[in-house]
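Each structure below appears as structure tokens.
What follows is a pair of complexes built around subunit A, which joins subunit B in one and subunit C in the other.
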Partner chain A sequence: MSFELNYELLVGLLVLTTAAWSVAARDSYSATVGFVSYGLLLAIVWMQLQAVDVALTEVAIGSGLTGLLLLGAAARLRATEVRVVTRPSIALRTLAALACAGISVALAATVLTLPQPAPSLAAEALDALPATGLGNPVNGVLMAFRAFDTLLEKVVLVLSLVGVWSLAPDLGWAGRPRLLHPFADDGVLGFLARTLPPLGLLLGLHLMWNGADEPGGAFQGATVLAAMWLLVLMAGLGDAPQVRARWLRVAAVAGPATFLAVGLAGMGIAGAFLAYPESHAKALILLVEVPMMLTIALVLALLVAGPPEPTPDR
Partner chain B sequence: MSALLDLFTMAAVSAGVLFFLAGVVGLLRFPDALTRLHALTKADNVGLGLIVAGLLPQAGSVLAALKLLLVWLTVLLAGATVGQLIARVARRAEPGA
Partner chain C sequence: MSPTTLYGLCGAALVGIGLYGLLTEPRLLRKIIAFNLVGSGVFLLFGVVARRGADAGLGGDPVPQALVITGIVVAFSATALAVALLLRLHETGGGVTLDDEAESPAAERSKP
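Our next item is the complex of A and B:
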């Protein structure tokens, strides 16, 4: 067996093991740690498949941000989590096992019956790519060929923030999300929060700008920016903004709103909703991407920060 | 010259992997959080440093080599900070330890 195959088998085995472990883990904290490792390993699989864009997204969103959200949930649940497991009845467990096995079998059967080779629009997308002025086919698909999906995805993002905010108590609307920062007085985290953000800012913008021609894009870049902002907040160097602040509301919808406006303008200029005139495609895509990045970074950070709480304002 | 560089790469990367191996063994075998952290930081700092040093001759361009160094420095910064934070939590959790 070649080295490559051995390596792939090893990574595949590790992915399956961490997946099984995070499902079998008894408490939610261990399960979350397993889930984060699982995401990182999965990114290696995507790299092996040459899907660098997917790998970046998996690390940033699948493992990093989702992991952080789950860790927050696990921390909140820790006090209430029952250590002694009250096991559900044997009938219920059999039923759950049957349902899970059924889904697995159905998924496996679907994968096995997929046509070979799989139907693909990759060749068409690559052929049409020069018209967008972009060099990265993934970004071409996201921003031009399937722009409608991307637009809806951003709307969902804003809706999810509304969902989190709707959990706020009545008095919370005058307050701000409160992040726990148990290390605020230590200086260690503060040092990192003062040192890392300039680099993170550069990296985030680089990922977005470079996304036009190489792997990367607004979403991955925005995740880095959100992480930097959260680092500053968690180190206690700044307060999360008040959720009723006007600039916050505007920034939260800036991305989808610009996207929608450009899309509607496309009806007049290029003849279809979300169509770009070929001569200005690249410029328009950038015009959409910059506010989109702002929205994504803001919404992702505020999702982690949680609903606003009634705090005495300083 | 190139054979010499390849030899250097192999030696440095192997030494780096050895540090990672030692770090993992320490993580699994050492008795408490602080000693485990001690084992782990060696893997992060020296192990990754050796691997990056070994890969420098293979980077192909100065820019790629600088990026590799930047990766190492960033991991150093983050690793040192996180190590300190975990150690503080561990110390708070078991007073007297």
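Our next item is the complex of A and C:
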């Protein structure tokens, strides 16, 4: 067995161990910390699979933002953690384990018998890429070839924000989202919240702009922006906006609305919904990407911040 | 065995681990975490299909890779909604576990 495979075996085992830990840990907070490490290790796997764009997304959203969200929830539910959790009986658990092992074995058998040679759309995607003016095939798929998926996913983001906000108590509508750790801090958090945002802003915009040709894109860039905003809010250096603020609502739908408008315009000028005329493809994609980035950054941060809650009079 | 196949088996195992947590863990927050494990296992299987489809000088087939990116964002949206529901349930005095033995705050309050 070569060194390469040993390394991959190690990464795979670490991924499985952290996954098992986040299921088996007694304390939910530890389980969540396990889940965050799991996400980081999984990003290494994505790198090994030559999927840099996915690795960036996994590390930013799958591990980072999801981790923040879960840590906040675990901290809030800590008081409810009972010492002894009564799990189902041994017999039931064995049955569940057998059923799950069966599913894993079936999936593993599928992996081992995947068709040879593997079907691929890589050549087609690469052939059609010059027409979009982009150099990164993954972004070509996201913004042009499968633009419909990307449009719907933006709608899902906005809908889930509507869902989260609908959980606000009646008085909450006049309030602001509750922050995860609402304390003013002049220590490390305050220092980072003062120094990191300019760099984060630059990095976020760089990821988005460079995403046209290199790994990265509007998503990964927007996640960095969202993280910077959350950092400022968590350090108490800024106020979360009131959810009834008009600019907030306009910004939350600006991305999907522009996307939809460009898509509908495509019916007239390029002959199909979400089609771009070849001469202006790059410009139109940028026109969609900029408001989309704003919307994604805003909605991601607001999803982590949670529903608005009544605030005491200031 | 190629590294890609190895990670494919890893993805298959992740789905099993996540499902087991989803079935046997009574705490709702833990069910959300387990559900995310199942999801990322499925994404990993997609990643293996993408890697196997490496062609035309690319490291992998960009179509499944783009689908996974979309999937990760949708999974995050669903998780955010689930966590918000859970916290609201907690605030309104509902139990945050399906464990019958555990005393929920509501049950404690209703005691004489």
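As a convention for this text, the second predicted complex is superposed on the first by the 291 of 314 C-alpha atoms of A that agree within 3 Å, B and C clash if a C-alpha of one lies under 4 Å from a C-alpha of the other, contacts with A are read in each partner's own complex, and residues count from 1 in each chain.
The rule is short, and it goes like this: a residue touches a chain if its C-beta (ideal position, glycine included) is under 8 Å from a C-beta of that chain, and two chains touch if they have at least 3 such contacts.
It should be emphasised that the depicted structure is a prediction, and the values quoted were computed from it without experimental measurement.
**Q** Is A:Val138 touching the first partner subunit B, the second partner subunit C, both, or neither of them?
**A** second
**Q** Tell me which partner A:Pro130 touches in the superposition: subunit B (first), subunit C (second), both or neither.
**A** Neither partner.
**Q** Touch test for A:Val188: subunit B only (first), subunit C only (second), both, or neither?
**A** Only subunit B is touched by A:Val188; subunit C is not.
**Q** Which partner, subunit B or subunit C, is in contact with more residues of subunit A?
**A** Tallying touched residues of subunit A, the top partner is C.
**Q** Check the residue A:Leu16 against both partner chains and state whether it touches subunit B (first), subunit C (second), both, or neither.
**A** It touches subunit C, and subunit B stays clear.
**Q** Does the superposition put A:Leu196 against subunit B (first), subunit C (second), both, or neither?
**A** first
**Q** Where on subunit A do the contacts from subunit B and from subunit C line up?
**A** none
**Q** List the residues on subunit C that touch subunit A in their complex, please.
**A** 1, 3-21, 23-27, 29-30, 32-34, 36-37, 40, 43-45, 47-63, 65-70, 72-81, 83-88, 90-91, 96-97, 99-103, 105
**Q** Please name which positions on subunit A make contact with subunit B in the complex.
**A** On the subunit A side, the touching residues are 183, 186, 188-189, 191-192, 195-196, 199.
**Q** Applying the document's contact rule, which stretches of subunit A touch subunit C when the two form their complex?
**A** 4-5, 8-9, 12, 15-16, 19-20, 22-23, 28, 31-32, 35, 38-39, 42, 45-46, 48-51, 53-54, 57-58, 61-62, 65-66, 69-70, 72-74, 76-77, 80-82, 85-88, 92-93, 96-97, 99-101, 103-105, 107-108, 110-112, 114, 118-123, 125-126, 137-142, 145-146, 149-150, 153, 156-157, 159-160, 163-164, 167, 169, 219, 300, 303-304, 306-307
**Q** Give the list of subunit B residues in touch with subunit A in this complex.
**A** Residue positions touching the partner: 74, 77-78, 81, 84-85, 88.
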